[in-house]
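Chain lettering (A, B, C, D, E and F) follows the sequence in which the chains are written, and residue indices restart at 1 in each chain.
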Amino acid sequence: MKRGLTFLSLLVALPWAAYAGPADSGDTAWILTSTALVLFMTLPGLALFYGGLVGSKNVLSVLMQCFAITSLVSLLWLAGLYSVAFAEGNGFMGGFSKAMFAGMGTQSLTGTIPEAAFALFQLTFAVITPALIVGAFAERMKFSAMLIFSGLWVAVVYAPVTHWVWGGGWLGEMGLLDFAGGTVVHITAGVAALVAALVVGPRRTFPRTSTPPHNMTMTVTGAGMLWVGWFGFNGGSALGANGSSAMAMLVTHISAAAGSLAWMALEWRKFGKPSVLGIVTGMVAGLGTITPACGFVGPGGALLIGLIAGVVCFNATNLIKVRLKIDDSLDVFPVHGVGGIIGTLMAGFFASTELGVFSGFGFGKGIESLGQQLMVQATGVLATGVYAGVVSFGLFKLTDALVGLRVDEEQEVMGLDLTQHEERGYIL
Amino acid sequence: MKRGLTFLSLLVALPWAAYAGPADSGDTAWILTSTALVLFMTLPGLALFYGGLVGSKNVLSVLMQCFAITSLVSLLWLAGLYSVAFAEGNGFMGGFSKAMFAGMGTQSLTGTIPEAAFALFQLTFAVITPALIVGAFAERMKFSAMLIFSGLWVAVVYAPVTHWVWGGGWLGEMGLLDFAGGTVVHITAGVAALVAALVVGPRRTFPRTSTPPHNMTMTVTGAGMLWVGWFGFNGGSALGANGSSAMAMLVTHISAAAGSLAWMALEWRKFGKPSVLGIVTGMVAGLGTITPACGFVGPGGALLIGLIAGVVCFNATNLIKVRLKIDDSLDVFPVHGVGGIIGTLMAGFFASTELGVFSGFGFGKGIESLGQQLMVQATGVLATGVYAGVVSFGLFKLTDALVGLRVDEEQEVMGLDLTQHEERGYIL
Amino acid sequence: MKRGLTFLSLLVALPWAAYAGPADSGDTAWILTSTALVLFMTLPGLALFYGGLVGSKNVLSVLMQCFAITSLVSLLWLAGLYSVAFAEGNGFMGGFSKAMFAGMGTQSLTGTIPEAAFALFQLTFAVITPALIVGAFAERMKFSAMLIFSGLWVAVVYAPVTHWVWGGGWLGEMGLLDFAGGTVVHITAGVAALVAALVVGPRRTFPRTSTPPHNMTMTVTGAGMLWVGWFGFNGGSALGANGSSAMAMLVTHISAAAGSLAWMALEWRKFGKPSVLGIVTGMVAGLGTITPACGFVGPGGALLIGLIAGVVCFNATNLIKVRLKIDDSLDVFPVHGVGGIIGTLMAGFFASTELGVFSGFGFGKGIESLGQQLMVQATGVLATGVYAGVVSFGLFKLTDALVGLRVDEEQEVMGLDLTQHEERGYIL
Amino acid sequence: MKKIEAIIKPFVLDPVKDALKEIEIYGMTVTEVKGFGQQKGHTELYRGAEYQIDFVPKTRIEIVVPDAKVEAAIEAICQAAGSGKIGDGKIFVSPVETAIRIRTGERGESAL
Amino acid sequence: MKKIEAIIKPFVLDPVKDALKEIEIYGMTVTEVKGFGQQKGHTELYRGAEYQIDFVPKTRIEIVVPDAKVEAAIEAICQAAGSGKIGDGKIFVSPVETAIRIRTGERGESAL
Amino acid sequence: MKKIEAIIKPFVLDPVKDALKEIEIYGMTVTEVKGFGQQKGHTELYRGAEYQIDFVPKTRIEIVVPDAKVEAAIEAICQAAGSGKIGDGKIFVSPVETAIRIRTGERGESAL
């Protein structure tokens, strides 16, 4: 537990940059590596994972969206969002004292690592979160609209929620357990994706004749990269190289494996054949779900979390797409949103030290009972989910008013690659 | 030498978890990184390397097999195989005291790193070894049979052999030099692959009209990832970030480069043109062969090991496929099996400190002469090879009896992607 | 500044291997990781980035060239080039005392890291530099000629220039600021590429009917890998895990993002649509340009450097290809060469501590004024550019005399994959 | 017996197929082709260099039908594939002397 | 001179080619196509959503032969491509007025 | 009305297209095919195992033209595609009964 909370306590307890001894080289090495791994999750990981799932006439648009979001969010992070998330402020947002990374030199530390490493590591989280949303409106969104929405969303949803949970804000103070972003990343992105699917509306071919994934090998390649990169995402969230980061990686891996097999088994039973898209989707479900929990639970807990993630997200996907006929194109909400929700709740449960082989490493600071912890977790889920939902809705409406959300029918038929970017994916 | 044996001596000398000071953050950082690199070798590295070599109607089956093995073996490792390999036991297998990672907290150490890091790092080795075998029976094996065989094989072959060599078992005790898995990984997988090819039988089109690789760019991509990931495989096997891991990486790299050029040169001379499949196969041969040796030999020795690997594996491939007409589809035995064998032998030779510019860093603990070391190495090769061969044969027969090994002719013609997984690789 | 110059001062101040205490495990972990990242940039990163941009009948030739260069240069580095670059010698080249890595054991250190790690890290730089040049003569060069040229070039251009700048040679002594290879890598490769385009001559279809990129998804995949790998390239050049490496990574990232958006914006304005090839090219421009500067400038400086990189390289590409009709096939000179030149100059400028929010961390050792620093930077640019240009010209002529540079017309039409390597990229 | 060859826009393949099914034409063979005609191609830009793509992706449907069904088939295709825009495509009708079903060796209209 | 067009299963291409070679027909042109007929397509499932794939991959062989060889060619193709299962495919025979060898300008049967 | 089908080497597609444009033939449909004839394929080697590739990549151009233009078209194609080397390809001419423009329903030569 102690290790697990390093990050939170740090932000809460220390006046920024008060200490300026040398950084711990091992901790620094691991966070620099984790940073590379998390960027790798987005580029090319997520880009490939998503890109393979759309039609071949839209593949470049997905890759382009991931690249453009990465670049745009990076500059916004520099400009002021890092400050909004992590500078001293009130319980709801940080101030602007760290805009343009003011005062950050090679000697500034955050805990045992250089502040530059911390800021960059966090930047990669800010990048991947809006990139996740891309899956919901794939194959029909205008590039300009996507850019405007993503920029606004990171500023108005991601940065403040990060402050609430990790930046010294009210949810962190309350003892919310969210090690690597169940609320901050997966719930915010997942809920925004659901809103996107509803506001933008379905692809014109949905569900009648929608095209199957154009390149499953690309998707599986991306999936492998996500699994590997997630080691940095979750393991790096310990902000050091120690027993806590190692355990976070271990439970992350177990949950991914369990989610994969659970999804595979369900498909096998329900549809007669296990598919590679199924197994990798189960993997993402397992990974997303363990994310908030990975610093607090043990291997036994991770096994259950992964299995539950596979089962719940499998059914959620079916519900949203097949039953409710909502065209969240690449199933962002049922996998990330639902995974984030149940993961945040289960983090509270499996953190308990009294579950025998399924025990974890203890509750949040100042929290005494399982019930109390679960209440805090539920509060976190609700607050971040509702906030993300409402504000995302507003931002889509605003973007629609500014430039319009969708391409016209002819462009949708011709594909976004040619009509938005004047390029084609393959000329084999 | 001392550094090189850190791992072995540790396992032998220390009662487990006796020491619980803080982990060394630098060593931990490197092993966490190495873990990510070794997982990366399997997903997506090996999956792509193999996937590109089969026909396009079977590409997903290969990717699926690699993913499913990864997930399945991970859970088995948790359930008990880590314990079989590394818990205290007798010379032949460990006990079950570490099943479900019992007693492993964030404070437990293995040497200077968290035990969670050690267990996860070793898990990635347990994953890639059965995944290597997939290449032998590609394009014709039932998915269910593959799953059953792989699960059994890891339990009955991989985990015990790991105990023999690295877990305090008889081969390690004897002074066998196997730094990163010449016997444990490459010989066991290579021999099992040969058995697979013989028991499962050739593809129906072999050798008359077999299809060439469907996507060499995918194979080359995977090859690049294997080279990079192997740094973690071999460099991480020092279980720390120090001169020994650096040297292991350096000699690994030299051997890969030498194997590549050797294979390329032979192809150029024999067939008139050097091919990219040739150069990457030579690379794998160089990497597999240096694996047992990488902690014991110097750069000069690595150069010779790599060159010899290229030459021997080149000829072995020709022998098996073209002359003996054994359909080890992706040449697992001639590359990994043969590489593992000659590498383990050469590790004994080039460890010698008396070879001038080709010197290494000394023999195994308690071994006095080159002859004695070579006897030990030969014993290791024979014992692991014969054991893997015999048991793999039995497991294939058992699996055959349970569910049948091969798909029927029509399914083989239609391809495994559609018939086993109801998906297609590409819809361009 | 101090940290930034660790590397230089080390080489200058310390007699080699004089100190043999234990390596710092954290620094070692980071450099081993960085080494893996930089190899990853070439294999498969650059190979894919370039491979996607050529026609599908030439894709394997590009991959093959990258692989063969990697292997060949690795062995040359072992044989003597590491020594030429980094052994003690005169101001122009090192001696041969470190040929075959003589005297390098597991205990030898370079600064705080094992010398084996240093030598391998530097090897990955020596590998990628000639691989960059491949883009200039893609789709028409004989494989044998490529091999001969690359081997000679690394020996006669790369190794000595490395000595000048980083090996204790005259440019380093003069106070040249080149943190990670603006002169050593990008200017030498970029200028050689320009010479290649002129000496080898345009593709037979240029510019009339040249084929567009055959697989943009491959190019974007490679681009993502380059971005990630560059963290090791620039962050690793601090030779340790500390505030300096963290800051180098941070500014590298900012510059990449700024370059991407600048290029995208220009395309959008000039051609009406932003393209994914445009954004990734801007990214490479941003990365190449920050490379010499990344240890010396702050985030504000990096933002400007990235923006300027995007604008200047965008226009340079247009100038070379469209206006001057020089067939530098994959735009190596306008992106890497021009980026290296302006980056080296801007490193001198933005290192100044007196630019407010755009300040850096100070000038080179013994340099007092901005003017003086800029003179040194200009000297570095000129010296490395002219030397690389003249010697590359000679080497191309020599290679032409030995084996001829180009394939014949029929082979060019049929493609290099079949005619040079008897393989095809795709059989879908 | 006639062969009807229709060059249509790729995304109307499904409607055309359905329209033919309705008049009980079940057999057809489809090829992806590139067309050149009044409908112009497009320009692609890669790093500022223009690539004029003259050819437009089209789909070619080939059906062999008894003489009696020719007009109905033409009608059905025009109905399903026509949008009134340039590039809707062409139908070509040509004679076929006989058809053989490989499986049974049947010849003539019964082989269709 | 006739054109013989056979729509066959992809994996019998090699046997068909060999059978034609045996009766000394060396020239042919092959296209990958998608077929629709009695042989039904299949369903693919992606995350539980069904995609009905109506079209079956087929290979189209086109040979232009002198009238005298038509029957032999039909015979050879039926022999090599027939498995007796649905989907074996069709052969269509249609008239060709002339053939020209581009290289030499020769016309008629000698151009084949 | 005739259909002219030319099997040519892929890289002469552009010159052939241009040559046809010059004689005011604007409509054409192009397919990527594999050819088998006097021009032999090649061998590919993967890890020492030989794969004989019998088929050569070819491009098939199909143009339907009024009778009056047949000779000019043949001439133009031979001119643009002929290199005098084996494998230059063939031209086949066959009858077409009618053509329909889907967009307008026009029939006959005016539909071309």
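Please note the rule applied: contacts are C-beta pairs under 8 Å (C-beta built on N, C-alpha and C of every residue); 3 or more make two chains touch, one makes a residue touch a chain.
Keep in mind it's a predicted model, so treat the numbers as computed, not measured.
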Fewest hops from chain A to chain F - one hop per pair of touching chains: 2
Smallest number of contact steps required from chain B to reach chain D: 2
Distance from the mean Cα position of chain E to that of chain C, given in whole angstrom: 53
Rounded Å distance between chain A and chain B, as computed from the means of their C-alpha atoms: 33
Distance from the mean Cα position of chain D to that of chain A, given in whole angstrom: 46
Shared interface positions of chain A, touching two or more other chains: 24-27, 29-30, 33, 211-213, 215, 221, 241, 271, 273, 275, 277, 422-424, 426, 428
Chain E, residues touching no fewer than two other chains: 31, 44-46, 94-95
Chains touching one another, given as label pairs in label order: A-B, A-C, A-D, A-E, B-C, B-E, B-F, C-D, C-F, D-E, D-F, E-F
Residue ranges of chain E touching chain A (in the complex, touch as defined): 44-49, 51
In the complex, chain B residues that touch chain C: 3-4, 24-27, 29-30, 33, 37, 55-56, 211-217, 220-221, 223-225, 227-228, 231-232, 235, 240-247, 249-250, 253-254, 256-258, 260-261, 264, 271-277, 279-280, 283, 298-300, 303, 357, 361, 426, 428
Residues of chain C touching chain B in the complex: 22-30, 32-33, 35-36, 39-40, 42-45, 47-48, 51, 59-60, 63-64, 67-68, 70-72, 74-75, 78, 100-102, 104-109, 113-117, 119-120, 123, 143, 215, 218, 221, 241, 420-428
Chain C residues touching chain F - in the complex, by the definition given at the top: 209, 413, 418, 422-424
Touch list for chain D against partner chain A, complex: 11, 14, 42-46
